[in-house]
Amino acid sequence: MFANRRDVMIEWGDCDPAGIVFYPRYFAMFDASTAALFAAALGFNKSEMLTRFGIIGIPMVDTGAKFLVPSKFGDVITIESRVTAFRRSSFDVSHHVYRAETLAIEAHETRVWAGRDPEDASRIKGVNIPPQVQAAFAKAHPVT
Amino acid sequence: MFANRRDVMIEWGDCDPAGIVFYPRYFAMFDASTAALFAAALGFNKSEMLTRFGIIGIPMVDTGAKFLVPSKFGDVITIESRVTAFRRSSFDVSHHVYRAETLAIEAHETRVWAGRDPEDASRIKGVNIPPQVQAAFAKAHPVT
Amino acid sequence: MFANRRDVMIEWGDCDPAGIVFYPRYFAMFDASTAALFAAALGFNKSEMLTRFGIIGIPMVDTGAKFLVPSKFGDVITIESRVTAFRRSSFDVSHHVYRAETLAIEAHETRVWAGRDPEDASRIKGVNIPPQVQAAFAKAHPVT
Amino acid sequence: MFANRRDVMIEWGDCDPAGIVFYPRYFAMFDASTAALFAAALGFNKSEMLTRFGIIGIPMVDTGAKFLVPSKFGDVITIESRVTAFRRSSFDVSHHVYRAETLAIEAHETRVWAGRDPEDASRIKGVNIPPQVQAAFAKAHPVT
């Protein structure tokens, strides 16, 4: 399956008083990594994706991470992301984080392809993932 | 088992362009909730806890969350936290988030009671959880 | 002029590897403090304020802060906020942060009372501050 | 004077419910930009800088920003940073943010070159900026 890799520099402001990454910051990096994965497959960015497909976002419904090796400020990590399953209106993503050659974090996500509920605009509702999205992933080649 | 509850106001800056909480912010709230749980059981705050027990932190090794109901800015959520297991140098925490009476998020954590590695001060190492920590939880009564 | 005071606990995740607050976190606290100031004067929260007055936010146009004394995790700071000037479609706020009795930070903000531009919905535009907003501040008594 | 430029992609998680950058996020970007500026001038990163010069950080004492044009998620901004003054133990930095060709933000900072207070290790104290730091900036050529 198509994977996207990106390097992230660990900044001073990502780290806590123990000198290692404050773990909620990793989830912000993963959120941007999922956006980058879709942008790489589709050929346009998440902002354009929301507009073209008429959705309001891809909110998280289930996520988890195992932190195997801590990183500290000044480190550069590589985040490798792929979609591991597409369903009707939801999909799964995995992120593998490497520091040098070492696997540092394994994370997974389940997200919903979400629009406004037509019966209540203040609510969010899963909508069908368009076939061209899945097709774009099938055709995409790894960016390395 | 002893549980601690605290209310958190969802702020403008916690929310994303879809108007709901940007999920990494929940993990920051959970980190503060675990600190509040230990403070409630021990009777002193996390800063004091690190100093008294000579540890550098309680870093996360495994966490996950299921997001059942989104919250938006202006909402007040209640986070109920408890230790679900103590082991030699690690422990598990669960967080249940309620919005009004509805269960909105279920999250779990495994953390390490961590000191500096005596053989390499740049490294972090699990150390024994002092018996008085577990005893404090056994004696503590819910704060509601 | 009406002032609102609130206490903020400095959390582990607010602090950097030097063990003191990562200063962008203070600006997030100030954003919430301005929301709390308006909520205290108006009697309803910011979410309700946006809905009632038909605005999309109160975006920042100019801000600054002098950091006199650092705070570290476990500290409780008091943020005292007041509106220092109302103009047609903008206003000024000051924040004074105290740690114990010591003035720790002085900050100021200029914000716009902002709606969607009627000629281009993708743009933001200053709109007149309703007279009842300023009246609410004139009538409000300090919350201490 | 030597300037460093870097591009920053505005991510979903940087933006608020109005769809524009939550301004405290800009300060986090500026903190990383100042680190990048010193790295570009010195030839090694901030982590190495702290170790080599025996300091604990370069904490902020005064900062301010004028927000002229809002940015939204999917935008790429360019942050141009330079040191505008070196003093004995403090220095000034300016950041100019451009979106396309338009000046979007003007910001300034005063920071301290800070070590541990030798008389009280829990306190931070300005120390002399080593001459080779200022020399590195004098020799450096713009990275564009």
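The first chain written gets the first letter, and so on, giving A, B, C and D; residue counts start at 1 in each chain.
As a working rule, a residue touches a chain if its C-beta (ideal position, glycine included) is under 8 Å from a C-beta of that chain, and two chains touch if they have at least 3 such contacts.
Since we're looking at a predicted model, the values are computed, not measured.
Each of A-D and B-D has its own count of C-beta contacts, and the greater count is at A-D.
The pair A-D is the one among A-D, A-B or C-D whose contacts match those of B-C for more than half of the residue pairs.
Centroid distances built from C-alpha atoms place D farthest away from subunit B. Note on chain placement: the centre of subunit C and the centre of subunit D lie 24 Å apart, centres being C-alpha means. Distance between subunit B and subunit D, defined via averaged C-alpha coordinates, is recorded as 32 Å.
One inter-chain figure worth recording: subunit A and subunit D are separated by 28 Å, centre to centre, where each centre is the mean of the chain's CA atoms.
Residue positions 12-13, 16-17, 22, 24, 28, 31, 57, 72-73 of subunit A are each in touch with at least two other chains. Residues of subunit D touching subunit A in their complex: 9, 11-13, 28, 31-32, 35, 45-48, 57, 72-74. By the touch criterion given at the top, residues 12-13, 15-17, 19, 22, 24, 72-73 of subunit B touch subunit D in their complex. Here subunit C touches subunit D in the complex through residues 16-18, 20, 22-25, 27-28, 31, 56-57, 59-68, 70, 114, 124, going by the rule given at the top.
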